[in-house]
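Listed below are the structures to be examined.
Both of the next two complexes hold subunit A, though its partner changes from subunit B to subunit C.
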Partner chain A sequence: MKLPSRNVLAPLLGLLGVYALFALLGPDSFSSARNLETMARQTTIVGIAAIGMTLVIISGGIDLSAGSIIALSTVVVAATMNAGASPLVSAIAGMGAGAAAGLLNGLIITRLRVVPFIVTLGTLLIVRGLAKGIADEQKIDAPLSWLIDLLAALSPSMRWMIVPPGVWLLLLLAVGVAAMLRSTPVGRHIVATGSSEATARLCGIRVERLKTGVYVASGAAAGVAGVMQFSRLTVGDPTVAVGLELDVIAAVVIGGGSLSGGEGSILGTLVGALIMTVIRSGCSQMGLPNWVQEIVTGGIIVAAVALDRWRHR
Partner chain B sequence: MSLLRVNGVGHDFGATRALHDVSLQLAAGSIHALIGENGAGKSTLVKTLSGALRPDTGTLTLHDEPFAPAEPSQARDAGVATVYQELSLAPHLTVAQSLFLGREPTRFGWLDTTTIQTEATTALSRLQRTDIPLDARILNLSIADRQIVEIARALHGQASVLVLDEPTSSLTGEDASRLFDVLRRMRDEGLAILYISHFLEAIVDLTDQYTVLRDGEVTGGGATAETNATELATMMVGRPLLQRTKRTSTVRDTPDPAAPQDDILLHVDHLHGSPLPIDATIELHRGEILGIGGLVGSGRSELVRAIFGLDPVTSGTVRIPDVSGPTTPTACLDAGLGLLSEDRATEGLALNLSVADNTVMSRWPTRRRGWLDLLGRDRAAERWIDELGIRTPSPESTVGSLSGGNQQKVALARLLHHDVDVLLLDEPTRGIDIASKETIYACIEGLADQGKAILVTSSHLPELLSLCDRIAIMDRGQLGPFRPAADRDEHEMILEATLGDRSPAP
Partner chain C sequence: MRRLWLLALSCLLLSCGESPDSGRTTIVVIPKGTTHEFWKSIHAGARRAATDLDVDIIWKGPLKEDDREAQIAVVENFISRGVSGIVLAPLDDAALRVPVLNATRSGIPVIIIDSGLQSDDYISFVATDNHQGGRMAGQEMARRLEGRGRIVMLRYQEGSASTMKREQGFLDAIAESPDIVVVSDNQHGGATTESAYAASENLLAPLQTQDGTLTIDGIFCPNESTTFGMLRALQDRQLNGQVRFIGFDSSEKLVEGLTAGDLDALVLQNPMAMGDIGVRTMVAHLQGKPVERRIDTGVVLVTRDNMNESTVAELLRPPIDD
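Presenting the complex of A and B:
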């Protein structure tokens, strides 16, 4: 394994920078173990969805429907549990709903040849509407199960896990997808497609099938993020995660992803997601109002990309 | 023994005949040149060999077996490897990844990095270019090195035929000769190489056999050792040259040294771009039509774009009477200098907008307080539709719905509406019908008679001969001397464009 490339190094330094800044300026509670765990939990939902988004963005696309898919997934999880399904089956159903939405995105993009931005802007509304329809525009209560422990703070008897199971799942997914991206033909083909679609086609890569697969993966990842969201809320909520896709995209972009395709990494994306969490957590612990956090986060996004452009000149 | 045979291949694009009864034979262990002017059918032939195009008539055989690839991957699997004119590498991949893109060796589903490393090293060492680092990204490589990677990729596997489409058009002398060494080595290994190029000196130097294409037909062929560059040029141009009557205006053929200096409307002084043009100097007089010829990629467009401030200038000056120094498009237009882009679809015109909007785009008629004068716009558009004979249902029609010739007239109408004094026309007749060409020629000549100054680039030399007062040839970024059109002929200009051979001006 080589050292992280320069593309990941910059966001990594950025993360250390903002962390050090808040550790110095903020209250002691900021760097406590408990707050680190909280930040890890807060990063999980965006992080899992961002793993899928990284694939989409590297392939030269975009998925604006991620937030809606998260909401759909929470609703599906709650509804299937109420229908008597076991927690595991419900979780799989949530992921499956996400994958199905991703398949819809992929098929429209590749078969009808509509640009991903427009397609997923449409499915953003379609999927959100679907979630509201299934839930009858209400929150769906669900029976208590181990699902809600996935992202809850660990009870003292579970301390040996260090972080909750949901965070471990994020890490597991990240390692798996990063290995796929780096060390399998499919991974190379995704990069090649985003870098130059015509070339990929010339080299015999089935670009349409590959892109469809990438959107299915992104939808499934958003579905899993929805299971985590359900764990946090303990109910199915069709109005949750509005606009969350922008946080997800921001994480990828801060982490070195290029919206014109061909560039991005899973490690970078996780670092990008963590940077945003650290800023939120740090600002609120210092008692800074919400609007300051928003301005700082926005500034970081623009600065990260501007820095990247500048380095590439 | 012939490895690959092309037997009487023909292909039409609609009413245009691209290839007609073309036959040639590639032998193992030899380099075969395919030459011809732009549009002679070379690229179409390459496409039939590479499987990108099925010929309408005729057959191909490979190793005496029928060869009819339905798609590029089939041709490649059969051992016919093609390196295209536009490099087809994904910029973000590394060299090693590029070499195996689409056919990565795996173990248990994971990339087999050991095999990739060793085979990539083998592939590059076959070309004796192991100095190219395997983990460098393509975007960090020079064009020459990318070409080597591309050839290495094409040769990897069981290739027995290598097709190279214009491989040296973007290479400098030293890189080109390194490439030739590689090709000679491949030939000695027993490969059959089809080498397509404009550069006749290279053809004579490198190849064993040649075939000349003109207007889709074979007009010559044989052993390269028995011919020379001049003969090849004659075969490329062929039949008595197209004779349009030469321009007979009142304008002198050679600028009168005694003419007042304010007669010069555009003065370009030792202009260097990055990387093209190299040291271009132009004096364009009132009422004069200058022509710049040269091959595709010789830097004609880069030159006019640099003059207009669209491409970066590294040194040298551009002087228009009111402006001097580094120019910008805005300053040029304000000073009365306009550019007609060679690429009307993506740059020259806003295809989704109407004829009227496109006509006035650089100079909108306005009323008091800056409101747009829509009536004035329509009047202006109607005037030019009428004068240039633009065939459009109405001024409101979108430009994209018009034919190529009428689109080009709209682009020209914008310069006329802007009322510029100096017109830079980059390939003004590319891809348009004959009637539109005649209209545009007449318009250009009319403008010169009105005392405007015009610079025309074209890859079609007869056009320059009949239209221009003085003509210069550009070759790999260098602009040759302007000489009166009356003293020039097509044959001599082709030699200048392909050999870089400049006899001193008479």
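Presenting the complex of A and C:
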């Protein structure tokens, strides 16, 4: 196992810095084991969606529809459960709906040759509308099931798991996708396509198929994030996660992903997502007003991107 | 470079941070949002009670006004932090069940204010009888229209228990007058004044005739943002005063509208009392005293005739800036 590259080192130091700052200034409860678990849970939804987004951004694209896909997924999970499906089937349906939306993105981008920003800006609205339509413009109440426990605080008898199953799923996905990126041909093809699409094409990479696959993966990841979101809300909510795609993209960018493609890492992305959770939790526990939190998060995003530009000089 | 922004960050945090010392009773009050004047009144009431009883309160709303997820995160963060008690106005009657259960499991009592929760894990529910408030609006509408006419109702938002009860109360009262026709009751104003304004414009457009008059006789809106959005839409089209218009809650602009005759009546809750009683009830519970399971904070119907009576005036213009 190699040491983390320089690209990941910077955000990692940033995370430690922000954490140390709040541990120092905030109440004792901030650095408690319990709060670490809470922060891990609060990072999971953005984290899972950001794993898919990392692939898209490395390949030189962007997926603005992630937040809407999460909402669609919560609605599909709740609707299928109400229709009598088992929780597992509902969760798979939620992921499937996400993958289908991703396939739509991928096909429009590669077949109609419209830039990803515009296509996913369109599907952001299309998917959100679809979610509201399926839900009949209301939230859908669903029966309580084990899906709720995916991301709920652990009850005393479940303490041996350390963190809830949803967080384990995030880690498992992260390790799997990171390994795929680093050591499989597909992973290297994604990086090559993002670095220079023309060169990748000359090398015989089937760029269209690869890109479509990347958007399907991103959609499926957002779908899984939606299942986690459902677990937290316990209802299917077509208005949830408005603007969440921006948090997801920010996580990738803070973690060293470059919007011009070819760069980014799963570890960096997770660190980026954690930085935002730490700021949120720290500000909240110190009783700081929301506006401070927004300014701090915004400042860190700009600083991270400025750093990215500076490295590329 | 990094040192510099860490320094800047710590200055910012230090200057704004209020870290209450651990020995005192600390109650966190979590509203649905922080910008509506309604919540500012609740905050004022909570502060008044906190000063009287010598306890600390923390006021922290979700980052986005209509975001269930954000409010869940706020509740969780305060469970981790370990406050003495939580006074919560839940954004959603179902989604906040699990966080409230977690708080109770962690030994932190929860009092629900303003909107209901489908759960039994709270100490007390301190709120307006919203159905009754809606009924009062409906009866006033029927009285002003003398039991005959066409009306519309602009709803607030899906899943908001308090406003849905008002809407139902209004429709129930209207149903007693068979000659009043409800032309539209399925449009939603959404979370912000801006979205309510757009929804009002869309709702009014097909109801306007060529010569600029309206084909309806009455309008009801169930909260501050929908009432204000509708008021603005009426004023922009010079339709104000043409219809009987009844709203809910108050703000500076709504009081102006009432004075000018653009609004006929407002149903007022008592948010000051809600914040005040919420905190007082929590303190009483923490001191081991028995508390009521359901506390009604009352509603008042305000028209131009009674708006200057002193008890009503305080509700119309709550002293929120001291």
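Methods note: the second predicted complex is superposed on the first by the 312 of 313 C-alpha atoms of A that agree within 3 Å, B and C clash if a C-alpha of one lies under 4 Å from a C-alpha of the other, contacts with A are read in each partner's own complex, and residues count from 1 in each chain.
Basically, a contact is a pair of C-beta atoms (placed from the backbone, for glycine too) under 8 Å apart; a residue touches a chain by one contact, two chains touch by 3 or more.
Being a predicted model, the structure only gives us computed values, none of them experimental.
Trainee: Answer with first, second, both or neither: which of subunit B and subunit C does A:280 touch in the superposed model?
Mentor: It touches subunit C, and subunit B stays clear.
Trainee: Please work out whether A:232 is in contact with subunit B alone, subunit C alone, both, or neither, and reply first, second, both or neither.
Mentor: second
Trainee: May I ask you to decide whether A:84 touches subunit B, subunit C, both, or neither, giving the answer as first, second, both or neither?
Mentor: Neither partner.
Trainee: Which of the two, subunit B or subunit C, is in touch with more residues of subunit A?
Mentor: After superposing on chain A, more of subunit A is contacted by C.
Trainee: Which of the two partners, first being subunit B and second being subunit C, lies in contact with A:199: first, second, both, or neither?
Mentor: In the superposed model, A:199 contacts subunit B only, not subunit C.
Trainee: Which partner chains sit in contact with A:262 here, subunit B, subunit C, both or neither? Use first/second/both/neither.
Mentor: first
Trainee: Show me the subunit A residues, by the header's touch rule, that subunit B contacts in one structure and subunit C contacts in the other.
Mentor: none
Trainee: Using the touch rule from the top, collect the residues of subunit A that touch subunit B in their complex.
Mentor: 183-185, 187-189, 191-192, 194-196, 198-200, 202-205, 262-263
Trainee: Could you list, by residue number, the parts of subunit A that touch subunit C in their complex?
Mentor: Within the complex, subunit A contacts subunit C at residues 13-14, 17-18, 21, 25-27, 29-30, 32, 34-35, 38, 41-42, 45, 137-139, 141, 148, 152-153, 155, 229, 232-235, 237, 239-243, 280-281, 283-290, 292-296, 299, 303.
Trainee: In their shared complex, at which residues does subunit B touch subunit A?
Mentor: The touching residues are 72-73, 76, 88-93, 97, 101-104, 106, 109-111, 113.
Trainee: What part of subunit C is in contact with subunit A in the complex they form?
Mentor: 2, 5-6, 9-10, 12-14, 16-20, 22, 34, 58, 60-61, 63-64, 66-69, 72-74, 76-82, 92, 94-95, 97-98, 102, 105, 158-159, 188
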